[in-house]
């Protein structure tokens, strides 16, 4: 099957791994990721103000491109996912906003949030199925204790993201189980890492991030997985005792496609 | 409330889509906020102060730039008030003023380190500048 | 123009008579004029072969006849066009006949023609009309035969057909169609957009032509009361009283309200009106309002559905809001 | 309230026994004025009002018809006024569609405690109907005269 | 043609001050049907009533109109007057010329004109009135109470005390309900079991009370005074009349790992069990989902040890059919699920518990024998955080919490905090609250004692997150008054979960045709004046099924409901309101429109045989109104497309006659 895939700015630069492994795993699982032509950066964060139009246009363009191809739109970066899903929700529910955006874009056919937006994790759970992922595993990670770090962007606002229970999520844990490892549940997996505050107040980011990594390690995790480049940066930068990797890398390892290039 | 404040209040309510009178003052937003300690005014105060028109202190407060829109307050508020959206609307009211950008392009190079993802820079720009 | 032929229906009817499934057939037979197809009950094969017809003039909706027919011995065969099937279901919802005593054969319908349009196109003095492929060959007193494209003379109700899907049948001849995205509310919208005075003038012009012949009521598949209120001296709206009576003046509003929420929009009322009053525009207004106020509802789409007027939600809109909403002029 | 000889519209008010009729009584108890053109007909519940009654009133010369019932959710019979609300929404919308002035019809929820609201509603409604003048249109929709 | 008398009342100057009563009685004299018209100073006085009585006799009146005050005032009076003189009560109509005429107008001419029109309308109506006779129906002198908690127990006891037989249907194996699970009760702190169990014993010993435990109501038909009810007595695989309750089986059963519902799953019970020591009936029950014998036929230990021979593995569900005159719903409440509130880590940590679980933890008969311990490690907690309003007052999303205040949490939390500090003074207790609501006798004093005498820390603010770290629960909360964010390392967190109606209430309400609000609480007939009755006649409400309630309130309401039931059962016959709907079978189409709008389920359909003009017969489905159930709203009359349905006393023709009279 084919889906529209929005990689996002960071996946082209600092988070190439997140992107590369996502593509390889998708291929292995029978999903082709098609990039829309000329996609633009989503802007990193969703501006909740209802009168902000310009900052949301790139998301709408990507959504529209997927609609034209009658495909789902899949993202892997948490930030892109959050921005695009929230924008799509606004297009569905805020008629005034949608009217103005459509006016601005001036396309023949107005867009009203018809495209289905999925995170790569949702693609694995709802489209591919974790059972199928499990069957595709060649290097079982049995015995490995892995903590999922969701951060804020994947889950919240939960009435829009609708990915999982925002207080007790299980989607990454289920993936970890599917690839044979043991998930470690710890309380700060859905708390903020500090995000872009790292830029001007690194101390604040440090306080937040180290709370997360300490808690994960304290609950016995050997490894933290995340879907967000900025989360990864913050957790690593602020002295995590345990490694932090993208979930796609872990999946690639399990599916035996991690070292493909070197063969 | 004078007319100017009243208009500002209405504008903030309009662009945020948040109705502050729904707040029942339980303080769960502030209980949940990860940036609480860095803030001078806390989420519940944003809600109360916008409601009562006491907006000027908020516009001038550094607290505006401490909220990371992590939506924890939005998700946990029992009344559906969505404080983060209100904070954002107040922040926009501040940075949309001429020359009031909290983050300027010239400041960036000094803040960078080589591992920092772009995402951080674009996000910060979006939140702090106009 | 019809995709199923009369022959096919006759054969089906013969088969069902023959194998004892039914003992009579409700169908169309030719009336006095070529375009005048009237409902008839056929009890034997001979009759069927000689008189049964199905062509572009068979607009009559048989559902209502089933009330009387099912009270007789044995099973009756009925042919249901898509719009008839909605009426069929609606009558079942209202427990008006015994489903066990009917064998329903769903048939596709390509739309029926409007004889007044044919007359307009072909002129007066029609002697005979033959339905051929997509056209009608009209023989008149005065002219040479005229060929008219069926599409040109399609009845209004068929131009804005709501559904080509048979929603009730025991057996289907041909392929079932779909519920259509119809333009049936366009006319209503046009009226809503007029000013109050224009609307009044429109209706005054239309309704003043009424001769109170009761044809609309008699044909209506929703008007199946054991005793119609207009015939009931105890109702306060009995007719045949003095000429300025209440019923005389309010007949159409009362009738439209009586069938509101139950009318399937089959369009029979307007078809039979000798004065060509667009009565369906009253019913459609109710349907449109119901859809807009309380969510889409199609009477007869399924058996047992709860009609909007015997239903409610606690946050329904207020009558004042309803009037505003239903009044495009003020929007 | 009225000056003699002035055009006085005739208003028929259907009031439910449990809330609105009691509300009208309370208006009287408190000596609140409203026009004498308003004539009240008691019904057990607003849902007893058949659209035919409304049309009958208009045809017989009423200039305005108002239905009063318990507030939604407070119906003595639990759900009667919900049916009223739907019926009248459709009826009034239809009358408007036929070109009848929409100010001539109204549904108002008046509780037994709302004597003041009852009087105010009647004053307001009468004024609105008076502004339209005599009801000609519904006396004979078919205008056969 | 009627012979109508018109009686115009002056009401002193109340009417006569603004209405020319003489002119009114003169004007009405000429109306069709009127044979007598007069006026008098006070029609409601004895002298006035005598005028009416005499006129009825003298002029052989068949109907009468009194032009007077509101019918809400004196309609009943004049109806009795008429009846006393031999005129059917329902041939009386009132023209309200006081509240709706003389009191709202100031001008004599205007008032007089309007009074005449109102009189004419009433006369037009009376012309079409028909004598009505209220129907009578017998009353089955037995009550059914659904739910065996404190509400149901109290209601049943009160009804039984009055001498009427009562049946209690309880879904659990024992009566007692939530109160049986409580430790102490506020504000007096007496032990719940000490005051409840004697009542349970009373129930068991009362000759007028039958208990159907482990049973449920499956069907309700009929109407006030005459309900037909089916009760399913689920198989408990123990012969109730044989079992002595010795409990030996519950000790010997090898299946030991069944979560114990009574202790909210905090310990285990056997597959055969008696919920608690004072259970009523004290009879064992086999859990078919846990019993090996029932699942795969391998065991049979309980049957072997039972000296009484009470075990019966072949027992079947039994359906009991009984008639009742009145039904009381007492289905109670439950705490809501905490699944949607995982910011408090209820599913992550055993040491985050609900208040009801806390009750069990402090109860001497509970899983820890009354010793307050952490469920995770059995250690004594030194810091306890109570969180109020978890899921109450929650408007954000319906699937998460409840919009209403659960009412009881403020008080029981004060109780828990106080008892904890009393028994374990070394324990720090924090209560996070939004508001403390203590309206009740001695309630606020109780809460203040918790603060002032027992040193409970009350903090205004909510808890945002509970994070289990190591053996501590890191509680992050706000202290709104200090404008601080607090971080407390707690040992135990107790959540005051919102309460909701029991899940069985909704299907029950459907069976009873009793209305419910959007939260699934039963609706009362009037929120102020008829708080213990459902709008459906013969259905009464007891306890928390009507709204959140504490024990004193529940018991008051339970007794009130009992009083209402007794009032009903005391009657031999019920006199109905004759102003009910009736269907003209000849005109009825049988379309079901009326049935669908009837709020009382008063309309059923019957197949009726009609003789046709040609002497054949035809069977047709027609509507039939049960006059004992119909309350006379008239919704059906408008829903009926054929006009077959009409309402006595407010017939279409009558109302149209009034319209005509007014509009003339």
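Going by the order they are written in, the chains are A, B, C, D and E; count residues from 1 in each one.
Going forward, a contact is a pair of C-beta atoms (placed from the backbone, for glycine too) under 8 Å apart; a residue touches a chain by one contact, two chains touch by 3 or more.
What you see is a predicted model; the values in this text were computed from it and never measured.
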item	value
Chain at maximum distance from chain A, centres defined as averaged CA atoms	D
By mean Cα position, the chain sitting nearest the middle	E
Chain whose Cα centroid lies at the greatest distance from that of chain B	C
Whole-Å gap separating chain B and chain E, where each centre is the average of the chain's CA atoms	47
Centre distance in Å when chain A and chain C are each reduced to the mean of their C-alpha atoms	56
Chain centre separation (chain A, chain D; CA means) in Å	60
Centre-of-Cα separation between chain E and chain A, whole angstrom	50
Residues within chain C bordering two or more other chains	236, 309-311, 314
Shared-contact residues (touching 2 or more other chains) in chain B	72
Multi-partner residues of chain D (at least 2 other chains)	51-52, 56, 60, 79, 83, 87
Complete list of chain pairs which touch one another	A-B, A-E, B-E, C-D, C-E, D-E
Sites on chain E touched by chain D in the complex	70-72, 96, 98-101, 103-106, 110-111, 113-114, 117-118, 121, 515, 523, 535, 579, 597, 599, 631-635, 637-639, 647, 650, 652, 655-656, 658-660, 662-664
Residues on chain A engaged by chain B in the complex (per definition of touch)	8-10, 13-15, 41, 43-52, 55, 77, 79, 152, 155-158, 166-167, 191-192, 194-201, 204, 208, 228-230, 233, 236-237
Residues of chain D defined as touching chain E within the complex	2, 10, 12, 21-22, 24-25, 27-29, 31-34, 36, 39-45, 47-53, 56-57, 60-62, 76-80, 83, 87, 119
Of all residues in chain E, those that touch chain C in their complex	518, 586-593, 596-597, 605, 618, 620-621, 639, 641-644, 652-653, 656
Footprint of chain E on chain B - complex, ascending	22, 24-33, 36-37, 42, 44-45, 72, 76-80
